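The structures considered in this document are given below.
Look for chain A in each of the two complexes below; its partner is chain B in the first and chain C in the second.
So, the complex of A and B:
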């Protein structure tokens, strides 16, 4: 819940302030890293248990986002990054649903801060430029060089829309839940928390699919 | 009826207004939207994201991708092996059929050869037996003939002796050896001619 968390730094590492959202990201890294490590520690040809689940998730995501790229070479190269976007955003979104989120420091959905969503959108922006290379430049002049201003506007609008969509949804959801908890802390916020499960997944998916489609535009056979 | 509807709508709108008002007051009291841009948050997030990417790549994607590739290779090699085995079995089946046909043909030849050989052996044995039988018969006939000749000779001698004795008795005297011999010979000749 966003109201209980402060925008003041939690602590400092030297001169660098560390916020709740950053601690939440560290927890996400530890969680995903541990799961990945445990799942792949003792790989078997016939998968079982955690390995099976993890393989299914990774392979499913690779096929989904890699398939959306429409270019096998690019899919192999960029799908890991896209899957990381998805898992990072999804886990961060779900951090707000854990009981105690907002009251315990570090338990906040870091995607409810637009500094973070803007960072992710900026990474997508640069990754698209790197992935596209010459194609990206060519894309700016399609279908005609007269469209350059429009294409530039589109390129600027993309990170902006990615930032605001993710931030707005998660922040808005957090605000509504927090407000309902203030008004009626028992049972009433439950439907919205349940809706949060869906919102978290959809927003992570939307962000990654859009990033994939931006990339698909410039890596060859776009959509 | 209509007034009830309007009353409900008014209550609903007022409730919404109250909720929004409360939300706004809470929102304002807690500091509102997070300040932007916060260079530290941006920096931390960039670092954290790429650390997560590196960790997931190292412990997640790479092992899974390798395992999938290994599994694909295993399946492909298994299929290839199965195909090879199938071809081998087919080849073996063909060979077995050829061998069976050859064996059958050979067995037939052996039986035919054995039958022919048995027939030849039979004929040989038969011929040998017939030859032996013929030889035995001839031998027996020769022996019979020899025995007969011997018997005839003995008979002649006996007859001669008897004749001499009879003649001596008739003549009452002994004949000289020369007479004796001449008579005997004549007698024997006559007797032999009579007997034969």
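So, the complex of A and C:
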């Protein structure tokens, strides 16, 4: 179960196998896209209903992560990406809580597959390099060039820990719920499923906060 | 061989959870202390606490993953 290759692909597109988790990701993208489209289709100066809710969520996240970046120019440029990370991971985590998840193909929390979390962590890795630019190279040589090997090791360890933290938490939660359902199908797993709401939110938040702080390291204080 | 794998899987979670539990207990206790002393910084401290707890929990989660891998080898 830990490795995607140990279970059957859902279907093939040409030579490319498509797994449950990929389909789940497509569903999340379609869901978020549709909601965003509906919320912004008929924009008004005084927002009401869905637009109001969506604006509150996006603005709250934007201010939170943008503020944590600490550099206004960089915040304008990179906060949209961070907010996207947060909403995408949160929706993915909550996909496992929908009734029928796990039994219907495609309804799985895709963050319970380490390929997907590794993808997200790799994006963070490259975005930090791009966002930092010259600052990133300078950051490698702080506080002294002797620290270069240590700094390089840190850069390699970051995506690894980001991957395993998100994957381990969501996968572990899924497995524990599955064990409990096998032992006692009714009512007993409910507190743990409720805990999943908290875990999903905290892990999405932690992933994004860590990405933000990695980025804040290299973008500097601003002008 | 399978017995050793099972013991190893149990130990991976048990020892990992032991260290992580002590660490999280200390971090949480200090957080409550600081909030009780200065309630106005509760929000900042809470955010920092969550990040810290996530860092500590990662180590326990490593143990959990190792345990899952070992259990997978038994079957």
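In the analysis below, the second predicted complex is superposed on the first by the 215 of 223 C-alpha atoms of A that agree within 3 Å, B and C clash if a C-alpha of one lies under 4 Å from a C-alpha of the other, contacts with A are read in each partner's own complex, and residues count from 1 in each chain.
In this text, contacts are C-beta pairs under 8 Å (C-beta built on N, C-alpha and C of every residue); 3 or more make two chains touch, one makes a residue touch a chain.
Quick caveat, the model's predicted, so the values are computed rather than measured.
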First, second, both or neither for A:165, with chain B first and chain C second: second
Which superposed partner A:19 touches (first chain B, second chain C, both, neither): first
Chain B versus chain C as contact partner of A:145, first or second or both or neither: neither
Contacts of A:186 with chain B and chain C, given as first, second, both or neither: neither
Chain B or chain C, by number of chain A residues touched: B
Touching partner for A:115 - first (chain B), second (chain C), both, neither: first
First (chain B), second (chain C), both or neither touched by A:205: second
Partner chain(s) touched by A:175 [first = chain B, second = chain C, both, neither]: both
Contact residues common to both interfaces of chain A (with chain B and with chain C): 2, 171, 175
Residue ranges of chain C touching chain A (in the complex, touch as defined): 47, 50-51, 54, 57-58, 61-62, 64-65, 68-69, 72
Footprint of chain C on chain A - complex, ascending: 1-2, 161, 164-165, 167-169, 171-172, 175, 202-203, 205-206, 209-210
Residue numbers on chain B that touch chain A, as the complex places them: 19, 22-23, 26-27, 30-31, 33-38, 40-46, 48-49, 51-53, 55-57, 59-61, 63-65, 67-68, 70-71, 74
Touching residues on chain A, where the partner in the complex is chain B: 2-3, 6-7, 9, 16-19, 21-22, 25-26, 28-29, 32-33, 36-37, 39-40, 43, 45, 47, 54-55, 58-59, 62, 80-81, 83-84, 87-88, 110, 112-116, 118-120, 122-123, 171, 175-176, 178-179, 182-183
